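What follows is a pair of complexes built around chain A, which joins chain B in one and chain C in the other.
Coming up: the complex of A and B.
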C-alpha cells in the first residue's frame, strides 16, 4: 500500500511542477525521410499532445509515408505512434534552429507500422534533436526501426519533420 | 491547361474563404448601425474599454520621434516594451539600439518584437537595414512574430497573419502608439528619405495596464521565454490624464478593429476625414461608406502618391469602387521626383473623434493583422489633427469618376489582389 501511495505522490509532484504552457495541443506537418527498403520518402503527419507535464508529456502521432520510385510516387506505409517528450530544456546548443528561442525536447516514439502491403510491424523512433516553439515543432535526424518477432524489417532516418501546432 | 484550371480553382476558393470570413460584416449589420445607441454605448456593447489619457504629443517627423523615444528610454528603470511591424538597425536609428542594449545590461527588462516579414522590407529601408540580432547578446528579449521561413511553410494560410502593431511602453508611464516602425524610413526625417507618418506619445495608466495585460498574454502564447504579469508595474493615474478615449488591441483571435471603425463611421453625422493609407475595401466597407454618404455625411480621404509604380497602380486600381460610393477621394499630386510616402493612418469624425494607431482602413487590417488603435473624444485635439490634415490636403486633387475608371486596368488586377490580402 505504501508503495502505491509513494508512486502516487511522485506522480502528483511530477505533474504539478511548472510545465510550459503550450497554447495548442494538435498540429500537422510534413517530413522527409529515407528508409532501407525504399529510395526516398515524403510524409505528412498529425500530432496531438494528450497532456502537458514537465516530463514524459504523452502524445500521439500518425505518419503517412509516400515513397518515390521509378514508377512514380506511391503509398509507402502508415505509422501510429505513442510518443513521450523526455524533458524540456532551453535550447542553448543549437540556437540557429530557429530565429526565436526554442526548447530542446527529445522524444521517444513507439507504435505500429503498416507498410505499403499493410504488413504489420512494431516501430521505434528516437527524436533526439527535437525542438519546440509555442506553435512549431522541429525535428532533425531521427532514426527509426521497423521490426516484428522475426527481427528488424527495415530501418531509416527522418531527416527533418516540421509540425505546425494550430489547434 | 488542367493545372491552370486547378490553380484558378484553388485561388478562387482561397479568395472566397478569406473574404467570406470578414469581420467587416459588423459594419453593415451590427451594433454599430443601431441609431438608438450613443457612441459610448456602442463601444461598451462591443466590449471596447474606455480609458483616460493625457493629450498626446504628435510627431510627424521620424527623427524628432526618435529623439523623444531615446529620451524616454534613458529614463527607464524597470521595463521597456518595443513592438513593431518592421524593425531593423541602420545608422539613423543606431542610438535607439545602443540605449536598449545599455538599459538591458543595467538590469532593465527590455522586450523587442518585430514581425517576421522584416527581412523582406520592400521600402527604401532595404538598402540600409541591418539585423537586430545584436540585441540578444545584451540580454534583450527578442522575438520575431510568425517568421517567414521554408520550414514554417506547413503553417499555410497562417503565414497571412502578421504583426502590424507599433507600440512602445516605458515603465508603464509613457506610451507611444502610431504608424512608425524602427527602420530607416520611419526613423529618418521626410526631408532626407524618411516617410511621412505619425506617432503619438502620451501617458495613461489605463492604456498601459491594458497593453501589459495583453502583452503578457500574447508573449506567453507566442514565446517559450515566459513572463509574469506581476513583473510589470503600472503607476497610478496622473493628473494630466484627462481626455476620454477608447483603446482597441487586436491580436490573435480577438478581432475588434472593424467594430471600432463601424461604431465611428456609422455614427457620423456631419463629416468623416480619413487617411486610410492602403484603401483596399471589401464590399462591407464600401457599403458602410456609401451608407454614411446617403445620410448626408461629407466623406473625404487622402490617397498617398506612392513613388513605387507597381504599388501605386495596385492602389489606384482600388479607387473606382470607392469613388462610386460618392466619397471625395483626394489623390496626392504626382511627381517625377521621390516623394516621401504618406504612411499615416487617421480618421476624424464630426470634428470630435480622432482615431489613430497602426491600422490602415482596409480588409487586411480588419482581418489578417494584429493592430492597435486609440480613439480620442476631444474637440480641441480633433481640431489640432484636422489642421495637419488640411496641410496634407494642399497638395492633392479630387479624383473624378472618369479618371478612376481609367486607373482600373486589367493588368493591375493581380497587384490589386495581392495587395488586398497582403498589402
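Coming up: the complex of A and C.
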C-alpha cells in the first residue's frame, strides 16, 4: 500500500512539474454529429480541464444534444464524459487548421449517455483529430459508441466540435 | 440571322466573363485547391438523416468566378454510400476573390453558386444528371493567396428535375486548402 501511495505521489509531483501552462481551463462549444439511428445531432457542450499534465491530462465534458430526423426535431440526449488528453505534440501534420500554432492532442472520452427517453447508456468517444489553440479546441471526425449491458445500441461520428476556451 | 445573333451574344457573355482587368496576367486556373466539408440534405426523401461528407476540387477562373467539382457521400448511418457528383460555378459577391496582380483577394467575402449534380435519385436508379442547385455562401474567410479559406454555413436549394422535388441543403463549414496560387507558390 505504501508503495502505491509513493508511486502516486511521485507521479503527481512529476506531472505537476512538467505541466503545460494553458491560459484557460474551461470553455463552451458546439458540435455537429450524425448517429446510426438516422439522426443528426446539434449540440452544445462545456469543457473543463481538471489538471495540466504532459500525458493523460484529465478533464470533464457535458454535451446536450438536439436531434433532427424524419420525425422532426427533438431533445437528443445528455452526455457526461470524463476525458483524458493523451499527449500534446506540436501540430506539424495539419498546419493549415489555424493561423496560430496548434497542439495535436488526441483524447479519449468515457462516460454516461442519457438518451431522449432518459435511458442510461455508457458512451465512448475517440477524438483523434483534436487540436488546441490558445482560445479554441477543434475536434473533427470523432467516432463514438453508446452501449449498455445488452451491447452497442448506437454509434456515430462527430463531424466537428469547436470549443471556445474563455475561463 | 437569329443563330448569328445568339452566337454573338453567347460569345460576348463568355468573353465578358473571362475578361481581364488592367493587368495582362491571366487569372484562369491561377489558384487550385481541394475542399473538405460537410453537407446535409433536408426535406429530401432520397437522403437519410445522418452525416454526409463533401470533398471537392476548386479552380479559379476569373477574379470573381470559380469552378468547383464537388462529390458528396453518406458516412453515417451507412458508411460510404449514396454518391453525388457535381459541378458548381461560384461568383463572389463582395469583391474580387483574387486579383490579376500580386495583391491578395478579399479576405472576407460572400458567394453565390449554381450547379448541376449527378446521382441515382431517379426512377431508373442510374447515375445521371438529376439535380440543379443554387447555393449561397454567406461568409467566406480567407483567400487563395493565404492558402486556405473557410466557407461558413453555406446553404441552398436543390431541384431534382427527374422526380420534380425541391429540397434544402446545409453545411456547417467547407474548408478550402490551396496548393496553387498561394503566397508560398505565387507571391514569393
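One rule holds in what follows: the second predicted complex is superposed on the first by the 150 of 167 C-alpha atoms of A that agree within 3 Å, B and C clash if a C-alpha of one lies under 4 Å from a C-alpha of the other, contacts with A are read in each partner's own complex, and residues count from 1 in each chain.
The rule is short, and it goes like this: contacts are C-beta pairs under 8 Å (C-beta built on N, C-alpha and C of every residue); 3 or more make two chains touch, one makes a residue touch a chain.
Not measured: the values here are computed from a predicted model.
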Partner chain(s) touched by A:166 [first = chain B, second = chain C, both, neither]: first
Which of chain B and chain C A:103 touches, first, second, both or neither: first
Which of chain B and chain C A:29 touches, first, second, both or neither: first
Partner chain in contact with A:37 - chain B first, chain C second, else both or neither: second
Overlapping contact positions on chain A, where the chain C interface meets the chain B interface: 160
Residues on chain A engaged by chain B in the complex (per definition of touch): 20-21, 23, 28-30, 90, 98-103, 132-136, 138, 160, 162-164, 166
Residue ranges of chain B touching chain A (in the complex, touch as defined): 116, 143-144, 147, 149, 151-156, 158, 220-226
In the complex, chain C residues that touch chain A: 38, 40, 42, 48-51, 75-77, 147-148, 172-173, 177
Residue numbers on chain A that touch chain C, as the complex places them: 32-40, 68-70, 96, 156-157, 159-160
